[in-house]
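Chain lettering (A, B, C and D) follows the sequence in which the chains are written, and residue indices restart at 1 in each chain.
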Amino acid sequence: MASIPVGILGATGMVGQQFIALLADHPWFKVAYLGASERSAGKAFKDAAAWRLPNRLPDDVANRVVENAAPGTAPKLVFSGLDSSVAGEIEAEFAKAGHIVVSNSRNYRMFDTVPLMIPEVNADHLKLLDAQGHSQGWKGRIITNPNCSTVVIAMALAPLRQFGIEKTMVTTLQAISGAGYPGVPSWDILGNIIPFISGEEEKIETEARKILGSLGQGRIEDHPVRLSATTTRVLVRDGHSCSMSVALQQKPTPEALIDAWRSFRGRPQELDLPSAPKQPIAYLEEANRPQPVLDAGREGGMGVSVGRLRRCPLFDYKFMALGHNTIRGAAGAAILNAELMHAEGLL
Amino acid sequence: MASIPVGILGATGMVGQQFIALLADHPWFKVAYLGASERSAGKAFKDAAAWRLPNRLPDDVANRVVENAAPGTAPKLVFSGLDSSVAGEIEAEFAKAGHIVVSNSRNYRMFDTVPLMIPEVNADHLKLLDAQGHSQGWKGRIITNPNCSTVVIAMALAPLRQFGIEKTMVTTLQAISGAGYPGVPSWDILGNIIPFISGEEEKIETEARKILGSLGQGRIEDHPVRLSATTTRVLVRDGHSCSMSVALQQKPTPEALIDAWRSFRGRPQELDLPSAPKQPIAYLEEANRPQPVLDAGREGGMGVSVGRLRRCPLFDYKFMALGHNTIRGAAGAAILNAELMHAEGLL
Amino acid sequence: MASIPVGILGATGMVGQQFIALLADHPWFKVAYLGASERSAGKAFKDAAAWRLPNRLPDDVANRVVENAAPGTAPKLVFSGLDSSVAGEIEAEFAKAGHIVVSNSRNYRMFDTVPLMIPEVNADHLKLLDAQGHSQGWKGRIITNPNCSTVVIAMALAPLRQFGIEKTMVTTLQAISGAGYPGVPSWDILGNIIPFISGEEEKIETEARKILGSLGQGRIEDHPVRLSATTTRVLVRDGHSCSMSVALQQKPTPEALIDAWRSFRGRPQELDLPSAPKQPIAYLEEANRPQPVLDAGREGGMGVSVGRLRRCPLFDYKFMALGHNTIRGAAGAAILNAELMHAEGLL
Amino acid sequence: MASIPVGILGATGMVGQQFIALLADHPWFKVAYLGASERSAGKAFKDAAAWRLPNRLPDDVANRVVENAAPGTAPKLVFSGLDSSVAGEIEAEFAKAGHIVVSNSRNYRMFDTVPLMIPEVNADHLKLLDAQGHSQGWKGRIITNPNCSTVVIAMALAPLRQFGIEKTMVTTLQAISGAGYPGVPSWDILGNIIPFISGEEEKIETEARKILGSLGQGRIEDHPVRLSATTTRVLVRDGHSCSMSVALQQKPTPEALIDAWRSFRGRPQELDLPSAPKQPIAYLEEANRPQPVLDAGREGGMGVSVGRLRRCPLFDYKFMALGHNTIRGAAGAAILNAELMHAEGLL
């Protein structure tokens, strides 16, 4: 059944392992290539890296020999979970060589002709790919998904665009998996919070405007929303929580907001893509939700949860949003991007 | 040396135990009475409750018999760590009977003639006590300290009053000790956050305005700042962190804010009160501070720490503030209140 | 398809919720009755208790009205997750009234005619039921599964009976879910271990001998192994780890032990029961396994994992064993018991 | 007052920072040299490493320039918290150059003429130093303290030597600080235990016999106790817990054991050394003690706590022992060794 071979760049890292886990039973894509650093190249995957997820490591992946991440033997479609310190160069090499690089790395997200996609939100941004080859001198293409906390924020805001979003203040409480592996030392985070994540606030403040922006004349017009973000690390395994306050031009009722979230659907749902959540955004009525342990895994980790909607004394509304950072915010996001491209005939 | 006998109401609870710990070597106050519920009355303290702090339980307290919390045998000065479900009635009884009740409970905080004190911030609010006896019909008095997260927020804002604080948006990350004992079940909080604390947001939004307000004509004029709070629980033992954004009328430089915090002193420092921190507010330069584990215990838990000052794209400035919730935010706050009263000749 | 109606006693508790989760898609059993205390009776389940598992609460259970746990309207087969403080009386009432009570509670485990079952280990102990009705004066029957840590220990020992187990020293590191809900306060366990679990050591030392014992003349002859247990609580969500050392009469090679574990199969595997793990015991080669987060969920939580086999300087061998305490050690254990009874024609 | 200059090798690591913290107010020793790797050399300490302890970093240490760890400018007395991968070579260089190296590293612990000290237990082993210079060709000397879990075990066993200790089975639950910094990734340990610590079990099984051994003819006769250890990592900040079972030749009463622990004193208490705990071993009566959070800090972290004494069905007695691993088990242990040497005129 799974007939499209795919490669994974950065296969041994946290996001790479999540790619492997999510593709284990994928109906379309089959892992046929594992790329990593020279240190891992030449070893069977199971010897190159400890498997760190509770999911079962598929036998064929366990025994597959990891290759040095470079174009050549890789399939046309490659997922990249590379660290940003090397992703810039390696992804460009793959794109030049004609690969479709579906990347989770930040390096190309803000490039004019690189789509920064959340398929439910801006499927039409795929059109940027038309001009990418010419502008970048690439035979292949690079398509990206947002930073893991930005996905949650942009998903929660997308259905509110109809009300005219002017301002968004957000404080995040982010899971340790967002820092990769080995990531945050236990000594630093046990019984503690770390009120700083390098570069994260800037990503939220810029990426969200592109994602929510509109396509016109072959380029993205940023959404006019102004954002202010504070990002913190907490002792949570998976799931980024976002305390958000929004100012809206129109003055909708709370019911109108809840309805906007609950009824929100996009192109992945229309196309019934394999990784698409049935309901992209759930609004939870309980006073103390969403919670990472209980809600981050909704719809296989692809659903975003919102709760605690109430009036804000300063802006219009306050609420909490939550999403699974290594699935909806990373590997799952990239896979959904690739599914969209396949369904739209772009692979 | 310690010559003033004091009582503790709610002695077996989380805040009650913190009172005992902080008073163990106090130069002025000596624990001479332990009041608790009927269930504990008649037992030695060590048999009435498990001691749950790393500090050593003083032998004389361990062996002191707990009494049913009612006026009669208690000293004139009593500290109250009573649960709010019973504090209203019991504290009033003590006040009627002539006691000075220095309370950590929320029940009387917003009463017109009850001071809601942070001695560094509003020592002059003690004057409310003049009218309290008459207005309440009490022979004694009740004086209160704020909610544990409000203390941190109000301390961080107090030095900024000179710049004209208009708006404050805050998201808290609060420690489990703030929920008392047994408090938050480990099942609910392990690897999790709980984005809701009952009644907490309302307390912040109202108490802070009274604390920062000015005394005039025997009553408090609330400070005009408008606040919006979101409160969450995280797996931290002690220390409430507050992600804050402020809009200021004047447009001070960052250096002016930092200088305002660092140079902030109040009546407790003037009077050199035993529990007064030398520097009530420290500004930390490191990019990833303040952190609960490293900073909540500064100055014996009585110092508030601020860090990460930066421009806010929506208001004027953003920063993080942190304080020890059961010391600066509860038992230590009450003790400092009592020290102030003693030094001002009000005991 | 699921055609056998079942009831759950103690439905709102930690084990009761796990029963609901495991029976959500069961091919044979369908939840048709929820029994709990008077406090919950008369309310829809979703209003009687907060749902505390990441699994989705089935709609029909959510809306089912909870009844006061008493015989009458309940189906013949009832699972009991009742607290031991009430299980003794209520389970007896159900048994008297003709119900088959498949209990997770400790109250009847050591009764002479009550089977204490691990179906892979002692399926023949079901024969005790023949005499139970007469000896107890019950029209129905009670069948039990062991304490949650005992299951892991007895499973790990069962395949070693062939080598003549003489002595077993064990220290456990047990998950918080084993204490029920609200269970262990977060204040007590954050960054801590609690080296005591009331009654747990005694249960291990007695129950294991009955489980491993042999049926003769309508009664169980205890296995002669002598056990010594120390039990501790650690900050783990699910999964009890057991550090074990065993003295064996025969002197098998390490390979013989590993082979004994890996090839171990029992009646549930022969009968292909729905909840039976394909491989009841996995031996893990990695030096640092088994680990609760990575391994407790193996085979849907019904598989026990063993690792770190090595010579013991005092006895013969040392190893670590791990199992999921609320599935293999509680609700899943009871369901497997009921499946065995059904397959053996005893329902 | 503090007049003896000392150096710290490996000053930036976890144990090095603990040395700095413990020496901050030491009455005899004053930090006059910080040695670390080339990467840190030439920088002020505060720039070479983040300070990771809640204790205040002394200003003079913060501003002291770190040097490349090599003999030359260092004081005669140096404490070593070096990683064992480099400690062998560097400590030997210092010893050759005439320094007294008081080391926490494992490299020389089992050398015939190197004392492996717990001053309360084997102060007479200092005599090994007489022969060390000749046997090793060193002008200076090396003296060591045990592995962090071995200290707790050997302390708990030492008072029982009078009863003839034959066998000891132990399972440890060890804190993350024992792994240094960055040490254990939070991803690996959150809600988890790791049932393996490389090399730790071997250290316990060999070091304890030397520590408890007797000095005769200029060499140590190992104590005949046979030990079997299993070591695990748990999510505890500081404090190693040891579940122990012992076989004794004599058959003392439980009261005799408790009395042996409580009355245990050694040379540090006789000499009233600055870091000596008044009571080296406390026996706690509460059923659920000792606990790391509550008890590891007893006597400034230099006291060992024992509890839960009960009969063992296999050996004679079972109990739990606990000690602070980076104080009693590392930096504090080394400082006590140096204090003993000073008091005995060996510096």
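Points worth noting:
As a working rule, a contact is a pair of C-beta atoms (placed from the backbone, for glycine too) under 8 Å apart; a residue touches a chain by one contact, two chains touch by 3 or more.
A quick note: this is a predicted structure, and the numbers were derived from the prediction, not measured.
Comparing chain pairs A-B and B-D by the number of C-beta pairs in contact, the larger count belongs to A-B.
Farthest from chain C, judged by the mean position of CA atoms in each chain, is B. The two copies, chain A and chain C, are related by a rotation of 180°, based on C-alpha atoms and rounded to the nearest 5.
Look at where the CA atoms of chain B average out and do the same for chain D: the two points lie 40 Å apart. Counting partners per residue, chain B has 52, 190-191, 235, 237, 293-294 as the residues that reach two or more other chains.
Every residue of chain C that touches chain D in the complex is listed here, in rising order: 167, 169, 171, 173, 190-196, 198, 205, 226-228, 230, 232, 234-237, 241, 243, 245, 287-294, 307-308, 312-315, 318, 320. Considering their complex, residues 14, 52, 176-177, 181-191, 235, 237 of chain B touch chain C.
Residues 50, 52-54, 190-191, 286, 293-294, 297 of chain A are the ones that touch chain C when the two sit in their complex.
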